[in-house]
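Two complexes come next, and they have one chain in common, chain A, joined by chain B in the first and chain C in the second.
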Partner chain A sequence: MKSDNPGGRTRPRRWQLSDSAIVRLFIFPTLALLIAMNLFPLFWSLYLSFTDYSAIAPQPPVWVGFKNYREILHDRQLWIYFATTGRYAVLAVGLETLVGFGMAMLLRQRFKGSGLITTLILIPMMLSPAVVGMFWKLIYNPTFGIFNYLIGFSQPASGPVWLGSPKLALWAVVIADVWMWSPFVMLLCLSGLNAIPQYLYEAAAIDRASSWRQFWRITLPQVAPLLLIAILFRTIEAIKAFDMVFPMTGGGPGDATELIAVNLYRQAFLGQWRTGRSSALAYIILIIVIAVSNIYIRLLNRLRRE
Partner chain B sequence: MFKSRILALTMIVALVLVACAPAQIPAPAPAPAATQPPAPEKPAAKPAVQELKIFWAQWDPADYLQQIGNMYEKETGIKVTVIQEPWGSFGDRFFTEMAAKGDAWDMVVGDSQWLGQGATQGHYVELTDFLVGEGIANTVTEATLTYYGEYPTGSGHYWAYPTEGDAVGWAYRKDLFEDPNEQAAFKEKYGYDLGVPQTYDQLYDIANFFTRPDKGLYGVAIYTQKDYDAITMGVENTFFSYGARWQNPETNEVIGWTNSDKAVEGLELYKKLYDCCQVPGLTNAFFNETNEALINGQAAMIMNYFAFFPALANPAANPFAEVTGFFSSPVGPYGDRHAALGGQGMSIISYISPERQEAAKDFIRWFAKDEIQAKWAELGGFTCNKKVLESDVFKKATPFNPAFAETMTFVMDFWNIPVYSQLLEITQRELHKFVVGNEGTAKETLDRIAEQHDKILRENGFIK
Partner chain C sequence: MGGVKATGIFFRGTTTSIRVDKTGIRARIGVAVRAVLAVAIAVIVLIPVVWMGLTAFKKHADAVAVPPKVFFTPRLLDSWVFLFTDRLVLSKPMLAQYPPECTQSWQVCLKSCPEVSRWYECVALENGQLVTGPSKYLERLRNSLIIAGCSTFLAVLLGLLAGYAFSRFEIPGKDDLLFFILSTRMLPAVVVTIPIFLMYRRLGLHDTHFGMILLYTVFNLSLSVWLFRGFIDEIPREYEEAALVDGYTRLEAFRKIVLPNAMTGIAATTVFCLIFAWNEYAFALMLTSEKARTLPPFIPSMIGRGVVEWEAIAAGSLVFLIPVVIVTFALRQYLLRGVTFGAIRQ
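Up next, the complex of A and B:
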């Protein structure tokens, strides 16, 4: 073995870290933060969901087993909120898919100013949902809001009170959500559409395939994976929708727009502070979101295999 | 290898320490002034407690209280600091601090509904001997002592000194009410003179009379917000004034009380007011929205807490300020007259040291003096002191003070037991569903509220 120090003198050792030590040095702080900010709250709230506990009471959590879950699943009122959330998700995501995909089809063809128009269309999704909720509340106001004018009422006060009618309020929230998030669906669809090779259409044209057939056999299958991803994201967001709805309607009138996340907030905070029960409700929502996501992901994988 | 591990661990520990460090590094204790030689032989000139901290919401009255605190500092040398927290997080911050048995503040000017939690969970010092024994309890109106200070209601146990009185009152457009043409038209239609409504039936007539959608004018702007407690506070005015009560005061029974015939009548009147005369779009309205309806010239009468009336009397904020009048809640058909309570009482936190508790009592004792209460009212605080409320100086100070002084004698409140928030959530949901959502009848609504309240009260041992 060849000596590095032929003179026999001991050279002072340089302070250096091994590669693995450097790797650990970078990973450990991240891990520590992840544990402190994600994993610990996750498991702590899971524990709290099995307790009778209020974060503002001086008493420690009292273990009650599955009582919170049992009560929630037997609470007729909460099932009404779940049903409202389901209706909201189906309506909002369905319309966003149609509008977003439609806009993407229109903007697929390049024309003068199409870049600017695309950018302008994307603005709503860049705004804060709470701000969007606040200004749609003003837009729907029957005395000075513009919405009733736009749908043809010259005297807006004689038009419908959108946020005051149990039949219209959910639609009002859906319309605002569609306005805000259709551009997101459009953006994903547009990137999918632009990635379709042109030769597929040329080949179809040579085979005299109709426009509808080209759409059905080329466009839709090609864009479907990205469309499904957009639907997945929007469905997850719709199930947990809160920040736009709450400033807009407060869950009302009555409980017409009381989505499950709005009610979760009400139980967890707003003077109630039922921390144990609201943790259980949050886990039930999480399980639903995971289940829905799984269905979408399986569908997505099947599409990719095909 | 070992050294590298040590280095990595050191860095992690350092990061954690930095993350956990307090946001503000405490200032070092001030060094004794060089010009002041130590004088251990002299008795301490300064009191043992040199600063008192009072926790309150962030709004104008808290600034006025700070000015009162500055006066106290001048007189006694004890600094008073009013720590203000935005309304949205006021309750949350207070109760999280209390859950940790924190001593960050010596006193809190807390909501009347917190009394149950404050008393039963041990956050507040009981002040019965202090307030009653020293005669302070007699200096404030009975209703405010009951609703801002007493828990359980009617027990004779007091936990707070009524500090900022508040209740729902009414503002109206005097220019419309005093217009000779309007007066003549009103008399012809209803057979009596147009003026400040004395009864709720008159209020309903006047609201109907001034509702003119073609001119963008509506009779009333009333509370409808569902988020926290607004629609309940609005409905309570007709509910109580029609003779209804939320519960049997002896037994807490709610069936037959919350849904009594009088309660149904009171709720029906509120609904009628909303249907006939509410400014369109005010489906989720609270103090901002009702004030705006008057300022915008959309409403002839609005309901609001007195604490928000200074804006209406200010010409810079309200173009109708010179012609805005104020009146207190009218009388119901059976002679009852009540207004929903707002406002707060001052309580002493139990987690501070006994000497700080004594210092806090000294402050309340001083604050409760008639002359200090007169100063408090002069600054803009809504005093509950009987003598000040009755004084001409107070009544002439602002256009809404006479109505406020009158209202403070007949205020009533919602539940203040620890589970009040669960009762409130049900009440809000059901009232909003009926009044704004137009679902069901008043009777069905109140039956549902009574049934759900009964269940919660029984589960929590408030009904035996």
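Up next, the complex of A and C:
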């Protein structure tokens, strides 16, 4: 490679850095940025969560101990929002798992054009959730939207008012979420399915195992780790869902789609500016996210060990 | 291959060879059924996107027609004029003050209307509206481009360096550090936004391009580091070691051996960072208001003014989404890696 340097003649040594210097030089900027912009703000908001403070008031934060946390845990309204978020997460993630896995099973066997089809189906998950929220709003529109039309109402106006009815609005958001994120589950499942060694099926065929049995004994257990990772990612995202719901429904009608992250935004920024209290709420959400991830990771580890 | 197959049939005997034939036909029908189903699913999945695209080429009456119009005479200019201008709806008597050739069709207007000189003013007039000035869309688009572009450059640069270090060197507490880096990405945006809002307000970074670039750089850094570690892990160490033996310094080896080999990784990571910064909504909504506002919070706000111009919103979304759709195709090999932070490779 270095033919212009024969006989090991030492080259003029410029910019000779030791390996450890390089490591420090290369990693430092990243760590410094993450500490300044993530770790520091986290500690700051932990402090704020124990204070009475509003970002638009001239008074400095006043230490109040656990008052914010106590208030939040006794706030019935917030429990309703947590319940809505839970329902939303279970419905959306459940449906995404089923639809995504189903699509993966369908696209598992290659056929002419299957690569193109797969990529086309993956488009929704790459789009901006806020803009997706907007076009679902157009699609659900009770007078000129196509959704009611597509599901069989000849007059869209005679169908349900998806975003206007407290009972249906959450479902409307769930449907849009399933549309956007089932492809994500599909993508992970497909890679899991493609990694199953063929000899397992050959062995099962020799044993004359039915395809039903093959599915339960080979396919599902083999895909399970990746499926679980997909579910983990989606659950975390569902708990902190904000981007699509907020432009689409703004939490309404009433508080039918007031997910906890939407309410947090409202408390922290929109009109209320209850900075201390919303910091505490943010920490509670964070703890829930961490707890949920831990449960999944334990499950995942148990699966791996088996 | 042929030999293997033949022995297989040979071992199974004659009766099974008939069964093989049968399953061959059945398998072929199965594949056909799957293909048809898959195409149907793809069509259903794409309906919302296509509908948005169609709406962008409708005139207002068609965009809000009941029942929805699948077939319509496309209007190539209306929605784009609506998107890029602010307009005033003219009342009947005001409209009557214009000579009739001005308000009929924009082509006639452009040729023979003395009071209006620009083509977009003619298009607006045809719709009974008066252009009052440019809309904010172009400005927001420019902000989106600047912020996504600069932050991606920084995230890729820093991520490449850190990813290289994590891939090649023994670092005390490496796994913990990497986990810390990944966990920053899992934080809900709303949780970190409150303190960052306070911090930015004190530093004067609220609603500035620099502030948003910094934030998106950090937001993408974890992805970038993880992806690069994976990509660089795949470049054989021997290449570099050979270069080191030849008298290259570490930095030279990095520049001349690792960089050229990491080009596809750099391209894929760049595009992922671009997409995430381009699409980001929550931070932009809470940390910008005017000067540095990007498109994702702006597009939903187009709805709040009087008559909702769905065709303009559709056009605005289309401009915003098309680059992402193109890029999705370019990236299809790397999608899995990108969306799982490089944790899973095909």
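Keep in mind that, in the parts below, the second predicted complex is superposed on the first by the 287 of 306 C-alpha atoms of A that agree within 3 Å, B and C clash if a C-alpha of one lies under 4 Å from a C-alpha of the other, contacts with A are read in each partner's own complex, and residues count from 1 in each chain.
To be clear about the criterion, a residue touches a chain if its C-beta (ideal position, glycine included) is under 8 Å from a C-beta of that chain, and two chains touch if they have at least 3 such contacts.
Bear in mind the structure is a predicted one, so any value in this text is a computation, not a measurement.
Aligning the two structures on chain A places chain B and chain C in clashing positions. Of the two partners chain B and chain C, more residues of chain A are touched by C.
Once chain A of one complex is fitted onto chain A of the other, the partner contacts of A:L17 extend to both chain B and chain C. In the superposition on chain A, A:A261 contacts chain C only, with no contact to chain B.
Shared-chain residue A:L188: touches chain C; no touch with chain B.
Residue contacts after overlaying the shared chain place A:T143 against chain B and chain C alike.
Once the two complexes are overlaid on the shared chain, A:Q272 sits against chain B while remaining clear of chain C. Touch criterion met: A:K240 reaches chain C, while chain B stays clear of it.
In the superposed pair of complexes, A:I218 makes contact with neither chain B nor chain C.
Once the two complexes are laid over each other on the shared chain, residue contacts for A:P41 go to chain C alone; chain B is not touched.
Once the two complexes are overlaid on the shared chain, A:L163 sits against chain B while remaining clear of chain C.
When the two complexes are superposed via chain A, 309-317 is the only one of 309-317, 399-407 or 435-443 in chain B with C-alpha atoms clashing against chain C. Common to the chain B-facing and chain C-facing surfaces of chain A are residues 15, 17, 25, 29, 55, 137, 143-145, 155, 157, 246, 269.
If you check the complex, the residues on chain C that touch chain A are 30-31, 34-35, 37-39, 41-42, 45-49, 51-52, 55, 63-68, 158-159, 161-162, 164-166, 169, 171, 177, 180-181, 184, 186-199, 201, 214-215, 217-218, 221-222, 225, 242-243, 246-251, 275, 278-282, 285-286, 296-297, 299-300, 303, 310, 313-314, 317, 320-321, 324-325, 327-329, 332, 335-336, 339-340, 343-344, 346. Residues 1, 3-5, 7-8, 11-12, 15-16, 19, 91-92, 95-96, 98-99, 101, 113, 117, 121-123, 213, 216, 225-228, 279-281, 283-284, 298, 420-422, 424-425, 429-430, 432-434, 436-439 of chain B are the ones touching chain A in the complex.
On the side of chain A, the complex with chain C involves touching residues 1-2, 5, 8, 10-11, 13, 15-17, 19, 22-23, 25-27, 29-31, 33-34, 37-42, 44-45, 48, 55, 103, 106-107, 109, 111-115, 117-139, 143-146, 149-150, 154-157, 179, 183-184, 187-188, 191, 194, 226, 229, 233, 236, 239-240, 242-243, 246-247, 261, 264-265, 268-269, 275, 278-279, 282-283, 285-286, 289, 293. Within the complex formed with chain B, the chain A residues making contact are 15, 17-18, 21, 24-25, 28-29, 32, 36, 55-58, 137, 140-145, 155, 157-158, 161, 163-166, 246, 249-256, 258, 266, 269-274.
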